[in-house]
Amino acid sequence: MIGPAFYIAAAIAVLATIMVITRYNIMHALLYLVVSLLAVAVVLYLYGAPFMAALEVIVYAGAIMVLLIFFVMMLNLGKESAEQEKLWLKPRIWIFPSLLCIILLGELVFLVLQNHQPAAEVKIVDPRAVGMALFGPYILAVELAGMLLMAGIVGAYHLGRQKEKTLHRFLENNEL
Amino acid sequence: MILLVLILILFFAALLSWIVGVKSHAGSRWIALCSLLLNLGIVTGVWVNHPAGTGRWWYQYRVDWVPHFGISLHLAMDGLSMLMLALTFFLGALSVLISWKEINSRVGFFHFNLLFVLCGITGVFLTMDLFLFYFFWEMMLIPMYFLIGIWGHEHREYAANKFFLFTQAGGLLMLLAILGLYFVHAANTNVYTFDYFDLLNTPMDPAMARWLMLGFLVAFLVKLPAVPFHTWLPDAHTEAPTAGSVVLAGLLLKTGAYGILRFVLPLFPAAAADIAPVAMLLGVIGILYGGMLAYAQTDFKRLIAYTSVSHMGFVLLGAFAFNEIAYQGVVMQMITHGISTGALFIIAGALYERIHTRNIRQMGGLWLRLPMMGSAAMIFVMASLGLPGLGNFVAEFLVLLGSWQANHLLTVLATIGLVVATAYSLRIMQKVFFGPCDRQYNMPDLSGRELVIIIALVIVICWLGFHPQPVLNTSQQNIDYVVR
Amino acid sequence: MNVHPTTAGMLLAGVLFVLGLISILVRRDIIFMLLSVEVMLNAAGLAFVVASSHWGTADGQVMFIFILAMAAAEVSVGLALILQLYHQLKTLDSDEAAKMNG
Amino acid sequence: MFPALIPLIPFVSALLLMLGWKRLSRIAVTVIGCGSIGLSAFVAVLIAIQFAAGGEQAIVQHAGNWVEAGGFKTGFDLRMDALSVVFVGVITIVGFLIHVYASGYMHEEPDYARFFACMNLFVGAMLTLVMADNLLLLYFGWEGVGLCSYLLIGFWYKDPANNYAARKAFIVTRVGDTAMAIALFMLFQFTGTLRIPEILQSSTHIWSKGDPVITWIALLLLGGAVGKSAQLPLQTWLPDAMAGPTPVSALIHAATMVTAGVYLIARTHTLFELAPDAQITTAVIGAITLVLAGFSALVQTDIKRVLAYSTVSQIGYMFLALGCGAWSAAVFHFVTHAFFKALLFMAAGAVIVALHHEQDLFKMGGLKKQLKGIYWVFLVGCASLAAIPFVTAGFYSKDQIIWLSLSAAGGHTAFWLAALLGALLTGMYTFRLFFLVFYGDLKTHVHHRPGNSMMIPLYILALLSTIAGFIELPHTLGHVTLFSNWLLPVLPAVSVLHDSVAMEWTSQALSAVLALSGIGVAYAWVVWRPKGMSDFLEMPALLWLRGFWSRGWDFDKLYNILLVYPFVYLSRMNKKDLIDKLYTSLAALMQWCHNVLARTQSGLLRWYILGVVLGAVAILSVLIWRIYI
């Protein structure tokens, strides 16, 4: 069922991600990332997971990205940090890691291409089945995810507040 | 039951002396001394009136501990254990006495450690369960580590670490061998047990037997110590406080020798016989190499430490000679070496208290001031070079006489070791007590307490030299058994 | 072009993941690193969903949900940490936080 | 009477003196020190009389078990037979006289009690040695003697030279002891016992003559004997042993220690008879030693060293006799030698004291008038040592050896010639010493005259040195064989090959003439023409030779280079223990690895991620490699 819709969505996703990783300005990067996530949401839909696509849009592109954007705005990073990024991103710095990652990609591609099955339709898994699985065999994992979120909330609250300027004992300024 | 009591007395005395030591130093010392004397009394009593006609094992005590894995609390005493225990409590009491003035910091903890080491040693000499043996084997290690590391001389931490690493490495090999033996025995008989008597005569394949035997042997060789595993010894002996040196040289080394006699030879007779020439060669190398190193040292305690390497070479030589005369010599050597080397360490310690150096180049002419200490040193120096009339001679002569039957060449080389022993032993007298006296020392000769210690040692070493028969008779039965 | 949908989806996921990886390796700004982690997580989620559609079972999508939950938690805690770091070190340079070198 | 009392009394007195070193007064020490040896001598005489009257082979006393282990059994068994009686007699009597002398000689010594304790221990050990019924007990005495020699040679411990000499004596003799210990192991291996009578009895059944095993045993025993008796190649310790007080030298040289080797060989003569090669070796060693030591004695400048080398030389005679199978001749020479050598040492000691501890011969001279009494006893001693015919004991004993070295079954012309050369040398060095001390100009003032306690023993010994010879006279001169008859139960008579009276006369005459001409040369050298002789002796070649002789043929140097220096060098090099380096370098390697790996923990987050990526690439590469390629 690989059709033009998939190719377009995939191309947008890849291009947007490339834009994400090459921007100097964090805000631009975030916006491109939202685009990328939306494109991925389309892909998800095409792969017969409409509920996941919806979640991707709502939670990822919606909630998480908005959180990041607000955070960046709160820190008020302006031009200076963009300049700083420009300084840091020299070919000397990025060439070797990029090569290494491209080797890794090559290996991944090689492995994925070992699949020589003829083209077939994607199977649609409806949200109902997902729900059944989630609260059937995976109920324990759901509980754990709940706890994780709880821990995330508590942790974020604890770490985020700054009433007085006390250093955490691990971050104290004396030399180790 | 009496065997368990021996261990428990030391265990509770250790705890008690720690607790009491917080309030009163003297109390802690007296508790340690009394508990050791009590044990010595019990052992002597056992020696004199042990139940006749019970065969080789005088006492046995056995309670299941972890029956699921075949671990039991199995203690037994025969002549060999008895002799070793008597030596343990005798030297233990002396080392409490010798620390009376020397140790002034953390007295309670010191005596706790000292008694705990002795408790572990007692366990090693008594236990007949391999799991328990390993337990006690490790138990003597840690308090000894503290004894060296806390109350030692300048480089105490280095020495303590080295001691710990060496013996621990050897101990782990032994643990592997014990487990190997356990499973081999189980595979062959379907009985899972750590019991010594059950494990005797385990049928096994010769290659397996060799590896298991090597596991045990290496642990004991490290402890003994034999060249090339000896290098922890000079550091540990030199840096330890006097009591630590006495316990190390007099007792800890003996656990290695005891292990060879008790475990390596009876458990793996064929494999041990195969390796005998190599082991004897190591013994001879130890005798000569240790002697040569001793000759070169300038640190008094280090010199004595290396003489231990040399003397323990005789133990190794005799243990693998496989005949009764040599075994008797080995048992004698274990005891007499404990006495004579212990005495030399005590003298070195007493000297250190007076002139605050261990460097023999800075000594000389001390006879003038310390004639009594000099005479005592002379006696033990002569013991260490094997003068007839003192215990070491009987031991060394029997070892050599026995090993001659096994291997001529090695015995000749070992006998040459006696000349080397003469050279290094006389060097002690020469550098410390004789020669010109450069400095004007003003120091007291042996105090009453030291005199008591030294006289006790002198009496024992002379007694062993002139009338060793009680000791030989006591170890007789055990040796009959090993030889067979 | 007759490409198996699973292959195509996996290739897309792989490309996105590697792009995120490149970014995390070359960037020094810690917010960018967090961003890159999001990209990689997203790619991994995509791979799960593709696999789910390949086998026709719900497990992959369940995993996607877990990844989503984890990403949310990670971002919240991560942002709090970044905030703390920014206050302590007055910079977002991750190399400045190299106190734990050996 | 118990034979055990004889060694026990000195031991007990030594113990008493050691324990009471602070509390006992000087007089008490003297009484205990000398009295114990006197008492011991008295007991010895009583037992000897009992033994002579009893007519048994031996009196054996079992004084307790010592070691019994696995078929090996020894006890404190003491044995008095003809040979022991001779040795015990000489040791106790001469020892007693030396003790009495020492009480005078050492009376200013602060460590008086220690001195007598060691002396008594020495005598006790020697008595144990000669009375032992088994070889282990003999070894006990043997080593005890070594210990006491160490203690006494180094008695004045403040001087490092004395310590060096003491140490040397102990270590060199210990080398010999080692050989002897191995002989003991072999004997036990083959005979299953260390009891001397049993060994001697069974040896003839076990070994045939010339069996390599018995040859080895005999050679090893000889090694022990050579060490204690200061024969080639272990003779180097004795001249240095002069560092001790003079009574000690007298005791070592006359009564104890150096004669132990002679005793050992005489005691185990059966074994040596079974091993002709070893016996010839004994004779060769004796012959060479007596000549070499004679030359060394000739050029010494220290009065005590001349006597020391003369002892080595005279013991060489004894070994020669033993090697030739003339057992009783050797023992006879031991007896006479004990008397005159003790006499000479103590007289020399008196001279040394008189000249305020001056030992250099060339600073003495002209003492004839000053020290009348000593002059005469010294003359008697020298005459006996130089074997002046007919009137001295030395003549009879030495002459017997010279004759038997030619005529006995084991004899040889070469041995005879060596013995004759030795006789000439003995005459020369003895009287060179004598003339240098008593004739010529007075060079050092006499400040102290020996008292009675020193002189009386000298007179007694002078008497003994003269009359002791008459108990054994050669065929040609009266033929008295009291001594060899006495020893006959223990030591077989010598088998003489060339029993010709004429030849014996020739030999005797020759030796007498050589001894006298030696004296003549010495007279010419020292008294008559000192100037001419010294010009001759100053020639460079001779000067070197004199130095060479006086250093004892440079044996010390040889041993130092061959054995001592390498050992000391090696042990110094290895002081830090090479094997320890192995372990410390292992530790250092670990440390290095730690340092290298620790650097990877940079704290830079991106480096860690890079590591993860590298790992992933590597794992995937390996996977692909293994599965698809």
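The chains carry the letters A, B, C and D, assigned in the order they are written, with residues numbered from 1 in each.
Assume contacts are C-beta pairs under 8 Å (C-beta built on N, C-alpha and C of every residue); 3 or more make two chains touch, one makes a residue touch a chain.
Going by UniProt, the chains are B = NADH-quinone oxidoreductase subunit M; C = NADH-quinone oxidoreductase subunit K; D = NADH-quinone oxidoreductase subunit L.
Note that this is a predicted model, so its numbers are computed, not measured.
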Pair joined by the larger number of C-beta contacts - A-C, B-D: A-C
Rounded Å distance between chain A and chain C, as computed from the means of their C-alpha atoms: 4
Whole-Å gap between the CA centroids of chain B and chain D: 38
Averaged-CA centre spacing for the pair chain C and chain B, given as whole angstrom: 64
Centre-of-Cα separation between chain B and chain A, whole angstrom: 68
Of all residues in chain D, the ones touching two or more other chains: 610, 613
Multi-partner residues of chain A (each touching 2 or more other chains): 97, 100-101, 104, 108
Chain B: positions in contact with at least two other chains: none
Every chain pair meeting the contact rule: A-C, A-D, B-D, C-D
Touch list for chain D against partner chain B, complex: 18, 21, 64-72, 114, 136, 139-140, 143-144, 147, 150-151, 154, 157-160, 163, 167, 170-171, 174-175, 177-178, 181-182, 184-186, 188-189, 567-568, 570-572, 574-575, 577, 579-580, 582-583
In the complex, chain D residues that touch chain A: 610, 613-614, 616-617, 620-621, 624, 628
In the complex with chain A, residue positions of chain C that touch it: 1-12, 14-23, 25-29, 31-32, 34-36, 38-39, 42, 45-46, 49-50, 52-59, 61-62, 64-66, 68-77, 79-84, 86-88, 92, 99-100
Touching residues on chain D, where the partner in the complex is chain C: 598-606, 609-610, 613
Residue ranges of chain A touching chain C (in the complex, touch as defined): 1-2, 6, 10, 13-14, 17-18, 20-21, 26, 29-30, 33, 36-37, 40, 43-44, 47-49, 51-52, 55-56, 59-60, 63-64, 67-68, 71-72, 75, 77, 81, 84-85, 88-89, 93-94, 97-98, 100-102, 104-105, 108-109, 112-113, 115, 117-125, 129-130, 132-134, 138, 141, 145, 148-149, 151-153, 155-160, 162, 165, 167-168, 171, 176
